[in-house]
Each structure stands twice: as C-alpha cells, then as structure tokens.
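I have placed the structure first, in the form of structure tokens, so that the comments after it can refer back to it.
The letters A, B, C and D name the chains in turn, as written, and every chain counts its residues from 1.
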Amino acid sequence: MPAEMVELRGHIIDSLTLAKVLDLIITRGAEYTVAEIDIGKTQSDPSRVLLEVSSDDPELLHSLLIDLHSQGANRLLTQEAALEPCAQDGVLPEGFYSTTNLPTKVLVSGKWLDVEYPEMDCAIVIDSSSLNSRDTPQATAVPMHKVHTGDMVVVGDRGVVVEPISESHESASFHFMSSQASSEKPKRLIVAKVAERIMVTRQLTPPGDVLAVCGPAAIHTGAGQSLARLIRDGWITMLFAGNGFATHDLESNILGTSLGVSLREGNQTESGHSNHLRVINEIRKLGSIQKAVEQGYLKSGVLYECVVKGVPYVLGGSLRDDGPLPDVITDVVQATDQMRELRANVNLAIMLATTLHAIAVGNILSSKVETFCVDINQAVVTKLSDRGSHQTVGIVTDVGLFISELADILSP
Amino acid sequence: MPAEMVELRGHIIDSLTLAKVLDLIITRGAEYTVAEIDIGKTQSDPSRVLLEVSSDDPELLHSLLIDLHSQGANRLLTQEAALEPCAQDGVLPEGFYSTTNLPTKVLVSGKWLDVEYPEMDCAIVIDSSSLNSRDTPQATAVPMHKVHTGDMVVVGDRGVVVEPISESHESASFHFMSSQASSEKPKRLIVAKVAERIMVTRQLTPPGDVLAVCGPAAIHTGAGQSLARLIRDGWITMLFAGNGFATHDLESNILGTSLGVSLREGNQTESGHSNHLRVINEIRKLGSIQKAVEQGYLKSGVLYECVVKGVPYVLGGSLRDDGPLPDVITDVVQATDQMRELRANVNLAIMLATTLHAIAVGNILSSKVETFCVDINQAVVTKLSDRGSHQTVGIVTDVGLFISELADILSP
Amino acid sequence: MPAEMVELRGHIIDSLTLAKVLDLIITRGAEYTVAEIDIGKTQSDPSRVLLEVSSDDPELLHSLLIDLHSQGANRLLTQEAALEPCAQDGVLPEGFYSTTNLPTKVLVSGKWLDVEYPEMDCAIVIDSSSLNSRDTPQATAVPMHKVHTGDMVVVGDRGVVVEPISESHESASFHFMSSQASSEKPKRLIVAKVAERIMVTRQLTPPGDVLAVCGPAAIHTGAGQSLARLIRDGWITMLFAGNGFATHDLESNILGTSLGVSLREGNQTESGHSNHLRVINEIRKLGSIQKAVEQGYLKSGVLYECVVKGVPYVLGGSLRDDGPLPDVITDVVQATDQMRELRANVNLAIMLATTLHAIAVGNILSSKVETFCVDINQAVVTKLSDRGSHQTVGIVTDVGLFISELADILSP
Amino acid sequence: MPAEMVELRGHIIDSLTLAKVLDLIITRGAEYTVAEIDIGKTQSDPSRVLLEVSSDDPELLHSLLIDLHSQGANRLLTQEAALEPCAQDGVLPEGFYSTTNLPTKVLVSGKWLDVEYPEMDCAIVIDSSSLNSRDTPQATAVPMHKVHTGDMVVVGDRGVVVEPISESHESASFHFMSSQASSEKPKRLIVAKVAERIMVTRQLTPPGDVLAVCGPAAIHTGAGQSLARLIRDGWITMLFAGNGFATHDLESNILGTSLGVSLREGNQTESGHSNHLRVINEIRKLGSIQKAVEQGYLKSGVLYECVVKGVPYVLGGSLRDDGPLPDVITDVVQATDQMRELRANVNLAIMLATTLHAIAVGNILSSKVETFCVDINQAVVTKLSDRGSHQTVGIVTDVGLFISELADILSP
C-alpha cells in the first residue's frame, strides 16, 4: 500500500494541529500509523510526531499529502525544491506549489530560505538572478497575476517546510474554542484586552503597525469620531477601506449641519439621500481627499486624520460604488497589490464590520499577524476563520459601541 | 354581494393602520370602496375613514371582518355586545371575542366600558354581579384558563370597539421604519434616547414602573453590576426573568473568588462547570433568595438589590431548569398570572437578550406600554414585533455594552 | 412661515407612500396641512393628495422637499427643468438632481420626457444635440463618472416628477409586511410562487430577461447542477456574479474526480485547498471560459451552459480575487457599466446568497424590476430593502435547497 | 508545588479531548508535565496520556481538577467513591459530584458501577438499600429536585471515572470542524446523510427510538404534512414539543378551509388571528388531543399520527402559552421528568427549529445519543454545542425545506 512519512513539529497539541491532521487523514479514507511521538513535557516545549500516512489509492494519497502539508505536516525527506519557469505572464507552471499564510521555508541551492510575505494561495518565486550567482537567493510568495515569463516557481511540495500554527498563550489570552465567536461574553473585558494588545504592538521596537479595516457601519453606528481619535493619537497607523466607508466619513464631517439635524434628533430616517453624492462630486472636483484637506473643505474625521498624520490608507473599489471618490482604486487587482505594498510592518489587524474587506485582507496577511474581527453577525466572524485566517479572534458585538469604548480607553 | 361598513379613527395614516387594513382586504381577495374619508389636516388631528368591505364569499367576509377589527377597523353599527356564560371552567363559549392588546371598549347595558388590561388573545369577561344591579359593570380581558362556569363572556364583535395603534411622535422619536431593527444605527444616541425615556417614565405623577425582562446573557456579557446599579438607584422597578438569569446573577456575586480567577484574566473558558449548581443547592437549603440575603449569603447583584429595595420580581420556570431555585415558579401558568398581578403600573418595558420572555411578557402588556427589545440578533427583535407587540422598538446591539452604557448615563 | 405644496398620486395608501411621506415631514420637525385629498374608491383607483409642507427653517424645508421628492411627492408647479452643463469630465454641476430608481419624467422644451434607465443616485442628462433642434430630446439617468464636459444636466427638482412606488397586487402575491423577511413562512409555497413569476416573465411578448445574481454559496450548498439546468432550459437568461462563484462552478465541474471524493462521501472537510487555483491557472492559460469550453476543458456547469446557450454573463472583480479568471472585469466601474449595458430587458431578478452583488445590482435596476433576494441571513435581506431597492421581496431560506426545488419545478 | 496525576484514555487526539485539556490547564494559569504518553498507532487504537497538573494555588488546582474531570481527565488513584446522605428533600450534600452527559463509572463497594442515564448537572445517587446487602448497588444520575432525605450521594470526584468523548468516525461522517455549523454546505447531501442515520437507527436490534424535538416553525414553514408522514411511517418514534407547536399543528389540520384561503393563495398575512384560540378552546372542551381524535375532531397531522400510531409525546409548558392545551404539562419540572421517563431507548434525536427545547432536551440526553440540530440561525446551533451537548451536529438550513426533503427520501 502506498505510504509516506510526514512530520509535525511545534505546539501541535494545543493548537489542534495534530487533531486536525489525524481527522483529515481519516475523513479522506486514508490510514495512519504513529511512527514516533514526542509530546512536549510542559507547555513551553514543542512536540514532534512522525506519521506514516497510507492509502490504496495513490491519487488520493497524493492529494491528501498536499492538504496535510498546508497544515504543517511536512514530508520527511530533505530534498531541494523543484523549480520550473513560467512560460507565460500571469500563468504558473502546472503543479506549482500553492502557499498558505503560515511561516514557510524552502530548500534552494542547499540553503533553507524563509519565504517572504507568506500569503494564502500564492506561488513561491525564487529570484532567478541569484540562482546562478553566489548571492543567497530570495524566495517570495507571489500571487498568480504577478508572475512573469521566466520566473522560477517552486513545483510540488518537495523542499518546502511549513511551520504549523501555534497559539501564543502568553500574549493573547484569547482562545480557539469553537465558542469564541459567541455573543455571550463579558464585553467590556474583551474591549480592554484588545486595547492592551494594541498598546503592546505600539510599544514594540520598532513599533508595529496597527491596521484597521473598516466597513461603512463603523460610521453608521456612530463611531466615526472615536475612530478618528484613535488615528490622531497614533493607535491606528494604517487604514484599508472602501468607497462607502470613506464617503460616509466625509459626508458626516463635511455636511455637519444638514446631517446634524437628523443626528441631533437621533432620528433614524435616512436623510438627505443625495448628500453623499454631493460630497463625492465636490471631492472629484477638487481632485483628491488630500486636496480637500489642503483647501479646507475637509476639516475633521477619520480620513482627515489620516491625511494630517500621514497615516497610509488604501480605498479599494467595489461594484457600483457611488462616484467613486478619486482616491478609490477601481481596479481591484491594483488595489490589493497596493495593500500588499503596505503590509510589511503590520503586527495587529482589526476588522470592523466588513465581511468583504475582512476576508480579502485576512488572506494577504501572514498568520503571525494578530487579527481581531469585530462584527454583530456571528456568521461573518465564523466565515473569516473558515477562509484560512485561523489566527483570527472573533468578537461578536456592536461595532459602534465597541469602537467608542476602545477609544475611551486608548484616547480618553 | 355581501358587504359591511367599517370605520377607522385616529392617527391611522402615519401609524400605517389604514395601509395595513387596505392591504389585508386585498390580500384576502375581498374588495373595498371608500365611503367617506377625512384626513387630519395637520399631524395633531385624527383622521377618519369609512370603508365598505365586500366579498362574494360570506365566510371569507366574516373572517376578514374579525381580522380587520383587531386592527381597529370597527363595524359602524352601535349595538350592545352579546354575552354568553361559560359552561365549564377554563372553556370559553364558542364564538368568544378574542382580544388584542389595543385599547378596547365594549358596550354593555348602554354604557361603553373600557376593557381593563387589554392583552392579546384573551376573552372579555363582564363582571356578572353588576349586570343585574345598578352598578356600572366592569369589563376585563381574561385568559382562557381563568374563566369559570357562569362567567359572562363577550361573543362576536358586536359592541366592541378597538382603538387603532397610534404612534406618539412627540414622545418617542423612534420610528416604525422597516429598518428600525437594523444594526447600523448610531448606538450611543440610541442608548441616550432610552435613558431619557426611562427618566420621563420615572418622573410621571405617580412615577410609572420600569420593567426589565432579562435573559442570562445580560449577566454573561458582563452587565450584571450595571443592572444592579439601575435597580439600586430606582431606574428599574420591576424584574421578570427565569432560573438561568437568576442563577448566573447569584453565582457571579456569591462565588466571586473562584469565578474571579477567570473574570480577572478575562479568559473565555467555561470554568467551574458545577459552580452554579452549588449555589442553587445552597439557596434551596436556605429556602429562598430573600433568606440568602438575610443570612448574608448573598451580598450584591441584581437580585440582592431587588430584595433590599423591595423591587418585585417574578422568576418563571422553563424546561429543565437546573435546581431550580426555590423562588422559581415552576408552573408556567401560575408564573404568567403572577406577572399579570404586577403589570398594572408598568409604563415602560425593556427586554434584554431574551426571546422567550420577551414574547411572553410582550403579549401580556397593553400596546400603551413603551417597549424596547434589545438583542444582538435581528431575528429576535423582528419576531417580537411580528407576534403582536407592534409598539416594540427593536434595538440590535450588544446587550452587555448597551446596559453598561445605560447605567453610565443613569447611575454614573 | 415658508411653505410649499407637494402632490402625491397613485397607489399611495397601500404602498405606504403617504404614510412614509407624513412620517418624514414630522420626523424632520416640519409641519403639514392636507389641502386636498382624494382616496381611490376601490383598489384599482389611484389616489391623490395635496399637502402643504412648512417649516420655520428654510434650509430644513429645502432639504426635506428633496427627500420628499424622492418618495414621489412632487412639487405642484409645472416648470421647465433647469439645465446646467458639466464643466469637467466626471464631475456634475453643483445642485444636480439626484435620481431614484422610480419611474421619472422631466419637463424639457415643453415636453415631458421619460428618463431612461432610472437608477439610484445618478444625474439626468439631456441629450444636448437635440436641445437646439426639432427632435424630441432624450433624458437618461447617468452615473457621475460617465458625464463629460458640456453634458446638459438637470439641476434642482423643478420640472422633475417621480411616480411613487405602487405595489402590483395582481401580479405579485408577495407583500410588504415588515415580517416579509421572516424565516417562518411556508417554504415550498414560496418556491412555487417564484417559479410561477419566472414562467410569467418568460411568457411575456417579447419574453423578459430573468437575471440571476449569484454568490459562491450557490455552489457550496450544492445547487450548481440545478442552476445549470435552469440556464440550459431557458429560465435564467442572464448571469451576474464574481470570481468566487465562477471559480467554484468551474472547479466542481472540472475536477470532478478529486473533488468527487469529498462530495461522494459528503464530508465537510475543505479538500484540495489549491484545486481552485489550478483551475484558474489553466483557464488563464487557455485565455477565457469560452475557450475552455471550445477546447473541451469545461464540459458542464453553470458557466458552461451560459457559453453554450449564449446567455450573457458579467463577472465583476472584488478585492483579492484568486487569479482572477481572465473573464473577470477587474475594474469595478467598468464591470458595473457592463452590467448596465445588459439590463435593458430584465423584468425579474433573483439574488442568490450574495450581499455585495445583490445591493450593487439592485441599485442599477429600475423599481419596476421584480426582485427576489434569497439568503439564509435575514440581515442581508433587510439590508437590500434598506438600500433603496424597496421593491425587493426577501426570502430567508437555504439557497441550496431553494434552487434545487426551483429547478425541480421548472426543469424537472 | 501542589500537583496531581490525571489520566486520559480513548480517542483523545481526534476528539480534541487532549487539546482541550491542555488548553484548560494553561488558560487557568496552572502547569503540566507529560508523564507518560501512548498514542494509538492507528485510528482504531485508543491513546493514553498521563499528565501531572500543578499550581501554586491549591484552590485553583482543586477547581481545575474538577473541570478536567468533566472532560474525562480522571485522577489516577483508584479509590472508593465517598458517599454522603441527603439531609433534606431536594437538597444535595455540600461537595456533591456534579455529572456530565459522558459515560461515567463509579467505584462503590469494590465494584465499578455504570451510572445510569448520564445527564448534565445531576448528582450520582447510589441506591442505598443495596449498600448493606449483597446485591450489586445501582448508580443513577439524579437531578437535584428528585433526591430525598437519606439518599446516598457521591461527593468529591474520588472513585468516579468519566470516559472522554470519542467521535465515531465510521458511523457519522459528520465532523467536529468549527465550521460545521456553517450554512455553506451541500444541503441535499446532508439531508441524505441524516436520512441514512435514521434508517440505521431504526434497523438496530431492537430498533432505537428516533426523537423529534420540534418548534412551531416546523409547522409555519410548511413542513407539517411531511413530519406527519415521518411519524406515520415509523421513522420518528417520539415527539417532544410545546404548546405552540401542538396548537399550530392542530389549527392547520382542523381549520383547513379557513386557513386554506391564505395557504392556497400563499399570501403571507397572518390570518384569522383567533383561529388557534378557538381550536385550543375546543380541545379543552373535549378534554384532550386523544379525545379529539376519537371524536373525529382531529383527522390528520403530526399529533393525529402520534395518537393513532401510539407514538409517545410530551408537550412541555412555557410562559404565557395560549390556553394551554389540556395535554400540556404546565409544571416545567414535571414536564422534564416526563421526558426523562421516555428517553431510555432514544438513539437519535433531531431538534427542529427550537432553541429552548433543543437545549433542554439536549441536556437530559447522554452523549451517546446521536443528535442533529437543524435551525436557520447559526447562533442557535452553536449555542447547543456550547451548552454541553458536544455530540450535536449542527445543520444551518431552512427547517421547512429540510423536513420536506427528509420525508421525500424516507416516506416518498
């Protein structure tokens, strides 16, 4: 019966990695034998397990091994990675190795290279110039559309080692329990924990970036001013959002008076249904949000603080955006590439009421980035974890109240 | 073609009553003609519409008229109500008039009597002793299980007039829009509005009762102390809940230390899975929550404040309650009757994270009671309105943060 | 006190239009007097109401009138629309009239012109060549980004008349009740109703287009084959979707065997995490979905049927799409414009498990298009109605079972 | 440092038991050392782990050990269980052992006794008569309210061994993945799987009972007839529900014609708002559902089939039930006890659209009972698992369509 040895190392018990790996084998109808096992004596010691995975069906075994690999179950054999050149721009060689967002190493020219920017569903490209020189080659996770003819790409999973996810118990105090996304948790404590994690991130040397990914509800629920304070005071250092969020931020700050009526009364009627269009139109006339600040048209709010503080932001387009604002990158591939440019130093990401952007951004971040997903809808929170961003801590709560309380702690 | 005239009076345009009535007629396949119409010139003036409703099918017409009546479309004819005696305890005469929670009048012995405690799905019982005397008879909405042999019950809808729902624009500032239950609203403003409504209620002469109906999540989400403050300071003057809420309140206050560990660390693991049972057991030994307070076993929390302040509470039983606590009324019919005893002076009710109790209590309250239903799940909020408590304002938010902020305003 | 007369005509009672208009006036703090009223005697007769709206605050009155206008409360004065030229590509003149998706007329050169393609949040452009000639000018709703320097645009709301929404009782049998989105409805009956509406649409002369707007869950929940049958048999004649939907459709049809394992066993483990990338890569190599069909790489499924039947489809891009497929239009503005090109003949649209696309497409369709939004999440369904697509019938159910049963009826 | 040895045996890796245990230790701030480990070589072999758990804080250690025990981490020492008598009816001795729903053994008089009816949050009572005789004593899980003065109750966790949960891979094909409750699964496959499990249960020797626990939405969503067929044909052999479910079942079957109107038209308006009361009143007059069948008043439906087939049912009361029906047990403690009487032979339970009953019944069933929880709301499904019924497979779908399709398979 065809069989292969795979190895798991690290905190594989309490991160559920071993359990998931065994379950995957059985679920697919394959079998396993535990060849060696060495469980860490204490919580700080890593564990190591050697499994023989077997199946009658060689194709099933092959596909299973690929999936096990993406969980950190690496084949034992130490072999050089196989490389193949791209024959066409934007098209990978058949059999390309498909990355996860876990820390990954690849063995090329006798050296274990760390793959830069591990990201879901990319290829590993080995910087080809170095291959024939004495320089240490560089390995990078590259999305399909960015490869060029001649790029050397890892094919198969030989020579690729993935480090299984391991929860950092010391730091996080947030746990993996399936009920983590439940709405029935002590909420002020959770807000305080997130505040603490943001502080820790900003006190790193050098300080880590804190990325906020925001949906329009962050403004609708009345948290715009709190969010602006968090940016002004340096707690949030990067912003990814869309045309809707930006428009509502601008509208609520520029048309204070007219919207003021409805806000002052607190009534819930949609007012001034065309106000946002007039703001967009004006910004289009001025040329950009930056210019709107320079010319005194925009004097407060989230994007105002971004411009004034030099906090980088990316506004990604979406189908049928109104306008859109001139700052919105309407080509979604370019918008995502722009986000990739900025992510290098992000240590903590907080997703606020945005399914689409949360999943998109979650997928371009390494599993090392501490990620919080805040939404009133449990299904959204669950979905993000399901889509590969396993490190995400889901918080089911009201985004408006959550941000307000977070700002009360960090920027009182 | 069989036809009947029905009349609508009041704020029937902006409360949607006229629209619902016309829709109901068409949906059922009947027809209408507008005989007279008099729309209030300004928002303070009531309107009046006289409709002729007709259908080929007399049975359909009959059933439709009953349903129109429950919306406040009263037959024009001024006739004495027909009365029939109950032949059996707990069983109504066939054809009994079934009440709504709208203000209702009934014409008996030439007098229009206000029906006391209008409540959904009850019968109207006319106090029979008075019928043959010169006293003004009394009309009361009585649930089926409470009628006795010989009780005189209104049958048919002759002589019964229902006042259509009318939104009070001045007071509430909360509106009927279908989107009212949306989670995307400025939340701190909404909290402030509810706080204001509670203050207004307590400043009435005499002060109105503020009823809180609570589910266990009010405690899980960490709002127990805030809720206790609201009771201590006299903002909440009545409490309806179940065994789960009471148990979690007691447990979190009595086992401070052991639960303290997990609360201090803020971790989300269920700890001390049997702690609540030990608390229940101890209270059972002591005999009641009141005795637990007297003997110093219970020293803080929501129920502690209720006992100390003399705030009346009803704990209604539910299937497979742990214990239950000795104060829990395990017979659900008795528990509901106990709630009915207390409701007379309730002007404002706030439902906190409890589907079951929210619907049950909503159904025994008059439509005049200002009702807020707070839940993180939009479906719960919608369900309450669908089940007849049309006056309910739904607020989709995190109950833990909501109560904390409410207490920060009212009991800083 | 500043005041204006506005007029409402049509089925304004049962469509709730009058109620909404009065509520809006009061909520904003303005006042009204009913000057004239003429309620349709029967359900087939239109009604007419003339209101005087007044307020101390002229700015408030101005803004209120704009919002009333978007509900169909037109100013009484019959005046020519004011036109102003655009001074810059993609920027509208200040004070431009902002459209709704309701049927709209505009008075230009003494003629009432129907605005073509009424769509939310656009400008009305009057074809300028005709203005100086004897031809009847043409009025079109144009999104901001498509206007050019010199285009003549309607400013203010003079000369613009909006027809209030009127529910078509005969046809739909679906109603506006706030509970329409509830999950507690007889589901097979609802499926049958939708099937009937699709049949009616296809039997029009000429047959109306039936547009399906699909999210990936339509495939995940196992309804791909049913959807393909509905296209093959001509029930669905247009498809809007994204890269995710298309990829999952292709993957499930192309990698039958490998995915077959997991589908055959019905297990719920994510299998072959890179399979979809390999399929995308292959399609990129071939050049397009069309070529994949021609070369025999794609032999079944939703997109296969689209290609074979010549059913037009638009795949709109989204942030961090994998690949994306070569057919995906990555510029979201272009993608939306492409959808606009195709919409002319759409009479019925069905949104299947897609928040983002549902709202986007809903906003480019006229209120005359019968729209069904099917989702397991009530919040999604509510959101679509809130965002202006008031004509939408929400159906809270499982998309997988819904489509399967729909296909069992239409394509047994 | 205080320490204790605990032992885990069984399928503790793939059931996540080991991972949960280690996580619990760390989360609480205690420490562990792996003393011995023996992982099953293949999936059919059980594993065994011996852990030393330690903490500076003896109270924390004590409380931790209790919680570990409830996960199946048994103390190593083989000691007789300590017994103490109850001093009062309905009150347990302090320090009573609190049960889980996992298979449990207790060492009494030198014999390991299986605890009968393991159920969450009960005490273990040792049948005292046998203690002094030669008979093998009997150990039973007894809820607090049922103990009597003098009953011998296990205190502390000495001598109690809990078998960790172990997923049965062969049988279920449903897995523990956190995403199990997601709505994005191939739905017809899942229906087929559940049908298969019901068939397997009914083909056991002797056949296992299949329990359906139903909420009113099972009727509202139009699945009443399908459910009735499943009972008639012997697929469902026990029914637990409430007054609401029963009332809607009776109403839809008895008032066919009048409700028929609205059902025939499929319109969604609540019709005949008092119909259900008239049916309840009539059944109260007749005396019971059984008598309603005998006298020909009830001729079809779910409860009709129960009566005719002799399928046992329990209707448990709830706050403010209309009527209630004479068959409803209004005392919730008695109702639960009645359910306990019937559960002995239940092998499979299916919860249909009922949060309250699902959690209540889930808590009185052993972890060996295969349990499916079907609801359109993911939060409900998650809640059931969180509340201790870990064996539950959650299925997020439309109950109406689910039951209809299930009946199409089992009772075509």
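Assume a contact is a pair of C-beta atoms (placed from the backbone, for glycine too) under 8 Å apart; a residue touches a chain by one contact, two chains touch by 3 or more.
Because the structure is predicted, anything quoted here is derived from the model rather than measured.
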Any chain in contact with subunit A as well as subunit C: B, D
Selected pair, greater C-beta contact count between B-D and C-D: B-D
Same or different residue numbers at the subunit B/subunit C copy interface, by half rule: same
Of all other chains, the one whose Cα centre sits farthest from subunit D: C
Separation of mean Cα positions, subunit D and subunit C [Å, integer]: 45
Centre-to-centre distance between subunit C and subunit B (centres being mean Cα positions), rounded to whole Å: 39
Intercentroid distance (Cα basis), subunit D paired with subunit B, Å: 32
Shared interface positions of subunit C, touching two or more other chains: 23, 27, 175, 177, 179, 183, 265, 267, 269, 377, 379
Topology of the chain contact graph, where touching chains are joined (line, ring, star, complete, other): complete
Residues of subunit A that touch subunit B when the two form their complex: 173-175, 177, 179-180, 183-190, 192-193, 216-217, 220-223, 263, 265-269, 376-377, 396-398, 400-402, 404-405
Residue ranges of subunit B touching subunit D (in the complex, touch as defined): 23-24, 27-29, 59-60, 63, 66-67, 70, 88, 90-92, 94, 96, 98, 100, 121, 144-145, 257-258, 261-262, 265, 267, 269-274, 277-278, 280-281, 284-285, 316-324, 330-336, 339, 355-357, 359-361, 363-364, 377, 379
Subunit A to subunit D touching residues, read off their complex: 13-16, 18-19, 22-23, 25-27, 31-34, 37, 39-43, 49, 169, 175-179, 181-183, 378-379, 382-383, 385-386
